[in-house]
């Protein structure tokens, strides 16, 4: 009797559950950049389609249990009734109550299976991008793929640029510790493990910027290891590709930027590569970060000003207003605005100068010269270079020419 | 009070004092002899005091029966340790350390034995006290040493005789052990002396064989391999020795998630990479990061993959590798071993310099297969 | 030692054979004379009494609970607002690492061990555990391990690699300070406590049950704790191996997790989670056991489906070994492994669900008395259900790749571990306090404690579901306004709510501490059977005598004590009282055993356990110190081995002529 | 009574229970009873004596013709040095200590030594050390040797020898000093007393040598020459093998002679006439300690002024003449004892009398060497003095064995062969040393086989010396045969035993 009454209550809570989940949705932020329930591509959509019903079922079951317990509390509270019969259970009831959740989970399991294998496919890839994690930034390199106009490898960091509607496959690895690559709007996360190559499918439906965050704890500045995926239309992507492969343009003689170039050659090329940059004697300036940085690499700064962020996407290269302008641009206009890059009027000079002045102060990094014994004197992260203000002026002027 | 002994020592110390004075007066002052005589004076006076104190041994107490102090191996062992110690001082530190260990162990055993013998008046109890203290240490140590000697001897035998003889002798030895064990099991009432005798003969035989084996040295192939170095093959060309580690090709290729699988099939070399639907002739590899290639040979002849490590503009090599680095004919190369058809082996390379820093590109080639080359592009 | 031996006066101790030696053997073997104190600090330091050890476990764990709680509050204060400045990045990383480590290894596990130590011998009608000295050794190891782990705070900073301590970030290059060394060595020492405790309790349960107590008449708490001990028995060696490798990598230049040397860092993850997932059940099952004791008592009904609860507990114990990789869905295992572990994880929800159903049905039709213990038990059912259901949502591997390492996971496991484990432990405190200390905890303060904890817990961890689903990752020392989203209910809002909730929660726990003090100062003694309880531990005095029972009861029923007090009316099937608890107890005392043999106290467990931290410090700082520690250990092993389990006759107290005069209790 | 107890113990310990040869070996390896340790030391010394006599014979023949060379010139230095080592630390010291270990416990009514295991350590250390030294000599080590590692081996081996001798000495001295049966020191047999004096002397002086070795060794391995390197080792250590230090090693001979006299004269043990003087006389031997530790040769030379002469004479008298008193007093007292009792000729007495006489002769020679006027320093005179002392000790040892073997093993030696052997031994000793006394006066240089006039007496003297050494070898072998033969025969009653009051 009691059991029947219990099951008859199944219907009631369903409406309760519906209203409950409405409440839950209403209680959420609008436009949270890393919202996992707002898929912007088919991979994330696949996950979302799977999790929505699971959450609903879980919610309903939760409400049923709560209702039963609540009823029992109300109904069987000690009101002086005699000590009840010492019954030890009803096996039939228990078996059925065991089988029902098992069946529900079996159904969920079937759909889960399919999604797992679909999300692991690699044979339908249209564009491959190598992604390498490092404390605390990501390096992207685009292998030669003639069908995309990539005839020599493009190397970049901070922002992953990809064409919309394209099945992109990230080949992830790491140079030091384990990181995890996660753009919630495009797919779930996948760890970048040193010594291994892991794959992650990404596909964006519309142009725009999708935010992400390293989600495997990777040491001191883990919280500051962010990433942004920039989706461009095919045409815009082709333009971006062409620009990335364009030859280096040295600043004009006599300008502040030219002086900045020599400061750069003195101070920065030990670690940072700018493809095509030549020394005064005409030789190529090849960075040797492996001699100075523990992980063996520092971000490649070629075409720096085509990116919107620097220092592992911790800081914006654009002032807030200019950045909002890009981020909130309509899909159609987005590509053009993004490809416009950073000019002097939009440059976030404050953060850039602070970074150049003393990098470890604005981003926690293992750059204390006193603590370098375990890394054979090599830094992890950018050290304080002790630049003078005028050097910083010159460098900023020079960096602005890297477009 | 004053008896013969104390009188003797007092007299001697008096004589020493007299000598000291005479020496200082007649020979020289504050010389080594003076110092020594003072010490002798002190020592004799001390002895005199002791003899006075112990009343010259004229003690009516019932003496502890000195005969109770039974035989002991530890004086001899201590001396063995001392000899090792002095040999170590001269020859090699290992003997010195061994000597210290032996001396300390012997002294510890000696002390415990001495302590236990005076622990109570019951010899059985004393012996059990000693055993409770020392057996937990002695048995494992002795067993380890004994096993170590047997195993080491056996290994010397096995290393000295040929492979097939080794197998045969192993089978024979194992059968013997089984047989004798079975006999023991069938006849549990065998005399302990017989059993221990057989065991001793067996152990002595093995040790003797081991000594002989050590005298003979390694069999030829092992000697050759040892000389050459197990993994060290100087050239990426022809194998010098057929005794390289063939298992390496199986283990290393088990590594999952490699950057690329390089296949040699029908005389063509191509790279299979996840994400690329067709075999590639160009691999873009991340800089300053270990890249693992797996080489699979489908060619009927034994082949190896050779990676050129470039020629750095600076003096340092442009890449590091766990493979067999070679520097022949001025080339900076690394390679897998020769692997037969159907086998695979991994090769991990870390490219520290970009391709643009090279005058010639990084490549992967297979010697003997002309015109097939995969370029590794390092941005 | 108060009661070691109660020789009957008519029997002479037989004379030792042969002539008495001039120097007695006992003085020959022992370097130190045995401790005999039964009161004062020495009686605690050298005790082998399972009850004293249980209380010391509890007190120490409670201390670490406060420490871990303060760490948690600091974390929440840091995250209350964007760009938090309470802690810097380094300190924050240490804080969350140590919060988890403390709560898991130094609070929940030892607190459960404390309850198990205290109540398992009582529940199965034994006088002590099987290996009393090892039991004491276990406690000192746990204390030593806890001290070593926390010592790092004062010696250059605590461990900062997360409690999961993933390689290679935990290696010497990436974490050069000594914090992780302290952590790894401390956990190895504490692991000895768990391992020895596990063996001890398994042997105790299997061998020392009262006559008539078959396995299926054993109290559920004992059952589930036994399952936990088996889990520990197999899980602790795994983590010990992992920690050993880590220590060797850090202190002796080994390269087990060094990628450049050809290692695969995923090895650590597999080792850690093969331990780590069973560990989750190690944390939760004792609380399930407590709740399964509390609910029947306060429902006045036996546990619904006792065999189902027992077997589902055992099933969890088995299946728990096959789901570790669900912590690694995002680590690139490959689709087949992910699919298999995903389904296995769903499967484990079933036996867990069985427990929820059985508890609910135990209440169904009962006569529910809402004491504070009962409130916590019911709170556990509801809160654990939420945690369990959120667990089901990420057993679905694809959605787990969105949720893992976000606050959604933090919310999930806090509902499981706080709403589950901690609420269960609190139910245990309120339920067993009178048994342990002879006084009832204040119910009014208990009520405040419960409601503040429930509200605080939901305020703290409820919003974390939303935070996680909206993409806030874990283990970030700061979050930025820029990624908080828009609208009133944005990430910033929920972070603030969670931080406020943590303060409410703190208040709730403060009420508990106040309650302890108030109760301790109160003069009111608890009645013999305050809750109308059902199992054997209540068939002795409050607190129990040192030898637990004057005579070992013969067991005929599950819930033996209840069935001695009540009989079923054959017609109405209702229960009517036939005896009071006092009468039951008096019956036992009438048949008191004349000859009770209790183990004697010993120095050696403490000495042995002191050597281990010394070795640990030596591994970190100087080999010479380690050698000193090694000698302490060797010395203690010898002392231990040469010491008879029971002291010589001269160490016994004067026997008394009746059963009561000699029975003192701890304290 | 005393002897019977010792006899019983020895019997139980040795013959009846030995069934398994392995057990017998183990029993000797683990021995901690005075009989086995003492016999081991004596046998070890006997083997070294074989080496020493052979070397002595070879050296004598080598010096017959100062131009011809039997032995490689390079090895000659080591051979001289080894001869000295063999005589002193191979033969004299272990022989006397071994006899003491064997006999003393029985003499003071103890069943064993006080520190038997320590004595066992001493025996093994002496054995290992002396063998090490032997090996180092064979491999061109030793003082002035060329092989650096073997020079080190010599030094450290010598150190181990010293450790062993000191250990045995301490065991003996402790045994005598801590006897616990109510016996007064004045009442113990003079053999035990002289063993005590000798043991104390060794225990006080050899540590000095041990310290010297440490200094020299550290100096040597660090390639410094503060102590002069390998060539100067003897400069620092030679005093341990020179008279009068050697007297300390052979002090027990005095007790042997006195015990033999008492026995031969059939006196009760404590009825030796002027027993107090005997104690004093033996005690005087200990004054050698003083001379040794000064580590200098105290030469008497006439000075320019009386004080200068006095300055030279007093140390000479203290350190060279005073020790002479000890054997002199003992010899006189032993003869007095014969006069006081009813003596019958016994091998033990003859051998020990010859022995102490030889020791005395050697010491006289040593004193003569310290007379500046004679100019004997650097001649073979010194070698002859040492041979006198050591061979004297050997003769006394023959006597001691003959004296005690009966009571200790129950099998006595026949007197006549012992007397004959003693006479032969005396002849051998005289042959091996007296010619060198003369040659020394004729300025034959020591430690060289060339560069002297070998015409006439000197060459013949060297041949006589070689013959003497060879004869000594024969005596020792014959005595060994005698002892072995007696072991085969049935136990006979010691004819002295009946006269020992119960």
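Labels for the chains are A, B, C and D, by order of writing; each one numbers its residues from 1.
Rule of thumb we're sticking to: a residue touches a chain if its C-beta (ideal position, glycine included) is under 8 Å from a C-beta of that chain, and two chains touch if they have at least 3 such contacts.
This structure is a prediction, so every number in the text was calculated from the model and none was measured.
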{"item": "A-B compared against B-D, more contacting pairs", "value": "B-D"}
{"item": "Farthest chain relative to chain C (centres taken as mean CA coordinates)", "value": "D"}
{"item": "Length of the line joining the C-alpha centres of chain A and chain B, rounded to whole Å", "value": "51"}
{"item": "Where chain B and chain D are represented by their mean Cα positions, the distance between them in whole Å", "value": "47"}
{"item": "Averaged-CA centre spacing for the pair chain D and chain C, given as whole angstrom", "value": "78"}
{"item": "Euclidean distance of C-alpha centroids - chain A vs chain D, Å", "value": "95"}
{"item": "Sequence positions of chain A contacting 2 or more other chains", "value": "193-196, 198"}
{"item": "Per-residue overlap in chain D, given as positions that touch at least 2 other chains", "value": "none"}
{"item": "Chain C, residues touching no fewer than two other chains", "value": "259, 264, 332, 334"}
{"item": "Full enumeration of touching chain pairs", "value": "A-B, A-C, B-C, B-D"}
{"item": "Touching residues on chain C, where the partner in the complex is chain A", "value": "88-90, 93, 160-162, 166, 168-169, 172-176, 259, 263-266, 299-308, 330-332, 334-335, 338-339, 342-343, 346-347, 349-350, 353-354, 356-358, 360-361, 363-370, 378, 381-382, 385-386, 389-390, 392-393, 396-406, 466, 468-479, 482-487, 489-491, 493, 559, 562, 566, 568, 573-575"}
{"item": "Residue ranges of chain B touching chain D (in the complex, touch as defined)", "value": "3-5, 8, 11-12, 15-16, 19, 22-23, 25-27, 32-33, 36-37, 39-40, 43-44, 47, 50-51, 54, 56-63, 65-67, 69-76, 78-80, 82-83, 86-87, 89-91, 110, 114"}
{"item": "Sites on chain A touched by chain B in the complex", "value": "122-123, 125, 128, 130, 132, 139, 141-144, 152-155, 169, 171, 173, 175, 193-199, 273, 275, 284, 286, 288-290, 295-297, 300"}
{"item": "In the complex, chain B residues that touch chain C", "value": "119-122, 125, 129, 132-133, 136, 255-257, 290, 322, 348"}
{"item": "Interfacial residue positions of chain D with respect to chain B in the complex", "value": "9, 27, 29-33, 110-114, 116-118, 120-121, 123-125, 127-128, 132, 149, 152-153, 156-157, 159-160, 163-164, 176-186, 197, 200, 204, 208, 221, 279, 283, 286-287, 289-290, 293-296, 298, 310-312, 314-315, 318"}
